[in-house]
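What follows is a set of structures to go through.
Each of the next two complexes has chain A plus one other chain: chain B in the first, chain C in the second.
This part shows the complex of A and B:
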């Protein structure tokens, strides 16, 4: 209601909503700085009294940790592990090159950037054209939008193995382009529907006026329609990027060694002594939200416009 | 027909059989052709049988070697030049790379074959394998699943039977001084009578306890290498040593989902009842099972509340290694890391001048007296097997890598690596450990583990094993948290298990179960009456 006052209980409600929304992020941030004995401690450690950056080193620069723990010098020329010098004090186990210390997460960070960007770009290009065709030219009749959406009406797990078989046959397994195609394929339905709704809200007369002024159909869409739905396009792009950025299943089943993504890498942080490495997982998760925060910040003006586009009916 | 005529007829037939290609007319009838093929088949079989037993038979000429590793290297080297693929791709669970990575260069130098380690999340190993079973890409040559995966891998055609390779190259696992002892040798590697896995990690449970606390209280162990012979005694100790005021707990048992079923498996089966009866009906709702769950619920007063969330590593890291618990069942690494002051920051790992831990003791699991005999059912959750993919281009070379890495000598080098989680399993690991090996598993651990191997029993290593486990797990959790009574929980568990059996085909499951039951230890088979099963 216009002119309604912002009351104290509105404020409390908002604060609770804010805590609810931010708690997982704060917990993740806090865990990323905790040493291993505080990850699952009861009662919970909210903020570590002995913060460490080891989790970030594990993720981004494991060679630094490896060096701290004796480095590659602990192997002799034959590849055998040397005895620990402090054996008398109880140094029972030998050597210390755990899987997670042999490789940083940079490959998976680059991988996610390539996959999410490529998948999003392809998805948006295809969806935009599909949305224009459906919204402006009723391509395929009334049923087409539902037909496109039906591609998302079954669980991704149902199509994962057929993808593996097909990809293996055409040599697309463990390749960036293969996974980009999949990401585009599974996000096109969402993107098409979102973009279609933004185009639907745009009066067609504007494009017709541009064409009467001499523009071709393509030019009218390119220089009139798209700029006018810029906010919606940005919001859709970010939404699809987030979907691709956090995708786990296809990245797991369609990759082996060459291609990796952040969610798959995160699941690999495991050691015999500490089990799942929650600290390293939290550190990688924290690193992984940085690009999204930056993108969100840069496009916030368009984003707000895009998210509210169509909220007020003509 | 006279003898002479008969002789002529036979000679004629023989001539026609062997000499048809030499006939002047070169006419070969269909009958001649069939006879000829039959003759060729007979000849080939005869030659094969002769060569198989010949001292210098073709097969053995290059399969010979003075050790499992030597034979593997020689055979792989011979295969290298003709191999269509020069890299052995291994799918392995995250966290296990340290047992293999340091040796890939050595293997390459010895045989020419490179090794590619493809790490998958430890929780996804089974699914990745099953995905390959459907997709048949041949991307993996070797896989490293738990024995629990063997039935599904075998039934889906993913796992290649290894019997021929075992016969041909002798990995010294089934016999000889360095073998893996029965029953693990069988249920850890076989499914329905065939070998599908090459074992590389010993994972049967032992009971770790605080020897210093026991001595301080003036208590003694029940029998050699056995803190408590029976569960009754174990429960008494749990109660006695719990000191809640000082946050010291008598029994650090697992009560969290996934982990909790292992306690039920080991305690329940020691009562002389197995997972299923002769007719493949679940015994989860048997009186012995319900009694077991009631005992486990009663024990919870001596278990920290956090253990309703903690798994193995959390339990160990938060409690046992920090000196906050008296007893904990666990895998060999529990002892190993508890004794590792420097590497694992254990506060109970002090050692005496000879390197033996002073605060920790190790024991076989308790048991139950059944028909006058003490039966221990030492559960072996997990363990890892090398499985050769049936879709591999180089199955034999891949098998040979596994034989080499798991050989008696090589395994003593790979197991102690901290960056992995393989544990001792061969007899020589227990009886003739080298200094490095003994240092990783100090004190009385290896001898105790060796004695315990005869008590080891399997998880539900059947097709659908993960589903059976889950059905039991979920209902046990409900009983532990008070959502269901032990009776209700186990009746529900049995119902779900029976449903899984029916869905997978009762006859087939029954056959596999009978095969598994016959791979239990002799005392357990006797207590459960397996010999009388038809």
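This part shows the complex of A and C:
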């Protein structure tokens, strides 16, 4: 607020809030560089004394690790090569390691990009039209917005199993398009409500003014409404993209081996000998936030605009 | 007449069970300023939207230059609408806003540039051409909105409550500017307002609407001085028209309206045409009463209840029979003190008699 000084206790308050907000991210970043013995050590290791990029190699280039360690051999905690013992360990444990060490996470990163982008694009297109219909033409009366939101009023797990059955019937299981449809379906209610509020804030006169200048309704929406709610549109798109990017349940139950996504891949970093591989999970999580951080940075200006929208000075 | 610009014929608009505009017929001449005046919800904005094509009438016809435009999309009617909230594009500079209509119409670039300069100059916006709307004052925004519309050279310029968002100062200035814009361009203007002062000061003719009906359509002077019904009389004027309900009595050659134990004399030429003992309402404007010192033939007396000084004039509330009448008197008038009896003389040329049931005027002006 103008006229008010920024005092030292404002600064401390901000710092505490910042630490609180960033702690999980920093912990994740720190863990991603820790060797396995430091992952769950008590007392906690804040910054690793012997940082390693093995976790990133496990995720992004496991073949390098395998090469270093002699093919499909197991390795111990210090990274020393263990003696291959075909008789004692059997195929089981070896197979479990091989599962994620023979296959990098690239397929799931690629999958997440396709699924999140496709689901978001479809969701935003559908929601934008729905929001216009509701905000401008009062489509279906007052009940429609609630009707749309009701699709999110029960836990997604309740529809996950029916989806699995339906999807296998129509051959949509383990396909990108199938999961994109699901992602669009579950995010349309949020996107519609968000976009509706942005359109509501925009006076209808502005479109009518464009129509007076000779535009059709469609053109007025396309060339006047949409550019003027750009900030809101960008904010909504990012929000939906994040929802889709981090979606786990549907991706888990509706994919098998052809399609994968980052959250599903993350759950696969589990070994019989070491339990959850926190380092690898942290490394993949760190990789996965990079696109979001870049997008967020690029559209920062629009995000702020999304909050201070208003085409007409009243 | 060949110079009729806009003709509205039996226009009707229904929203479900609600009739927003009912059987509206009127015409506007080339170069005329017409005001659509009425309280909120009277159907004036709906009428405006139908003229510009943002709403489709239920029935009836709208002719511009003699041609029906009912099936013409709004962009092709060559009418310009200035919105109440300006509808200025905040993401564009003043220049881009002014150029918008021509750009959409795909006019050549050099023509757009010269037209924008001409209108910016005319609307006194030349030095603000690169500004964004957020840097403009309300009256400047209003000028951008009008300029944006004028640049397309519309056959009819329609303004929807253009001054209602302005401060009192800006409003007065803008009102003068609108007058001069109209005079200089010779533009046919339709002006929607609920403010009678705006309508009276800007319009050649005023269409007063209420509940979707046209109550009166006449020159500004006639609408004010000779209302055709009680509604028009009460809607225009501040303080509003006085209404005295009574019964017409004829005693010998004296004709008067009896209200309680008070009587309002009526000249014989008016009164003789009305049946004895018929109930009626007399309407007269507060400023058409003059205070006389002696009891003249046609004066009546009323007891002063309250005096509200308003600068050079005072509004006196006086008791007449069982009703109250307002009188505008010069502030220096000494007789206007509480409890005093005033002898009031109405201007009979401007006295209107209404039917108590229908509220319609009994004798038309000049009839």
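Criterion: the second predicted complex is superposed on the first by the 278 of 314 C-alpha atoms of A that agree within 3 Å, B and C clash if a C-alpha of one lies under 4 Å from a C-alpha of the other, contacts with A are read in each partner's own complex, and residues count from 1 in each chain.
The working rule: contacts are C-beta pairs under 8 Å (C-beta built on N, C-alpha and C of every residue); 3 or more make two chains touch, one makes a residue touch a chain.
Bear in mind that the values here come from a model prediction, so they are computed numbers and not experimental data.
In the superposed model, A:4 lies in contact with neither chain B nor chain C. Looking at the shared chain after the overlay, A:228 reaches chain C, while chain B stays out of its contact range.
Touch counts on chain A: comparing chain C and chain B, the chain ahead is B.
In the superposition on chain A, A:208 makes contact with chain C only, while chain B stays out of contact range.
After overlaying the two complexes on the shared chain, residue contacts for A:216 are found with chain C alone; chain B is out of touch. When the two complexes are overlaid on their common chain A, residue A:142 makes contact with neither chain B nor chain C. Overlap of the chain B and chain C interfaces on chain A: none, as no residue is touched by both.
Across the interface of their complex, chain C is touched by residues 203, 205-206, 208-216, 224, 227-228, 310-314 of chain A. Chain contact summary for the complex, chain C toward chain A: residues 52-54, 73-76, 79-81, 83-91, 100-101, 104-105, 133-134, 136, 138, 141, 148-149, 152, 165.
By the touch rule above, chain B contacts chain A in their complex via residues 89, 93-98, 101-103, 105-106, 116, 118-124, 128, 131, 134-137, 139, 305-306, 309-314, 317-318, 333, 336-337, 339-344, 346, 349-351, 355, 357, 413, 416-421, 435-436, 439-442. Put simply, chain A touches chain B in their complex at residues 36-37, 40-42, 75, 78-81, 83-84, 86-102, 160-161, 164-165, 168, 173, 252-253, 256-257, 264, 267-276.
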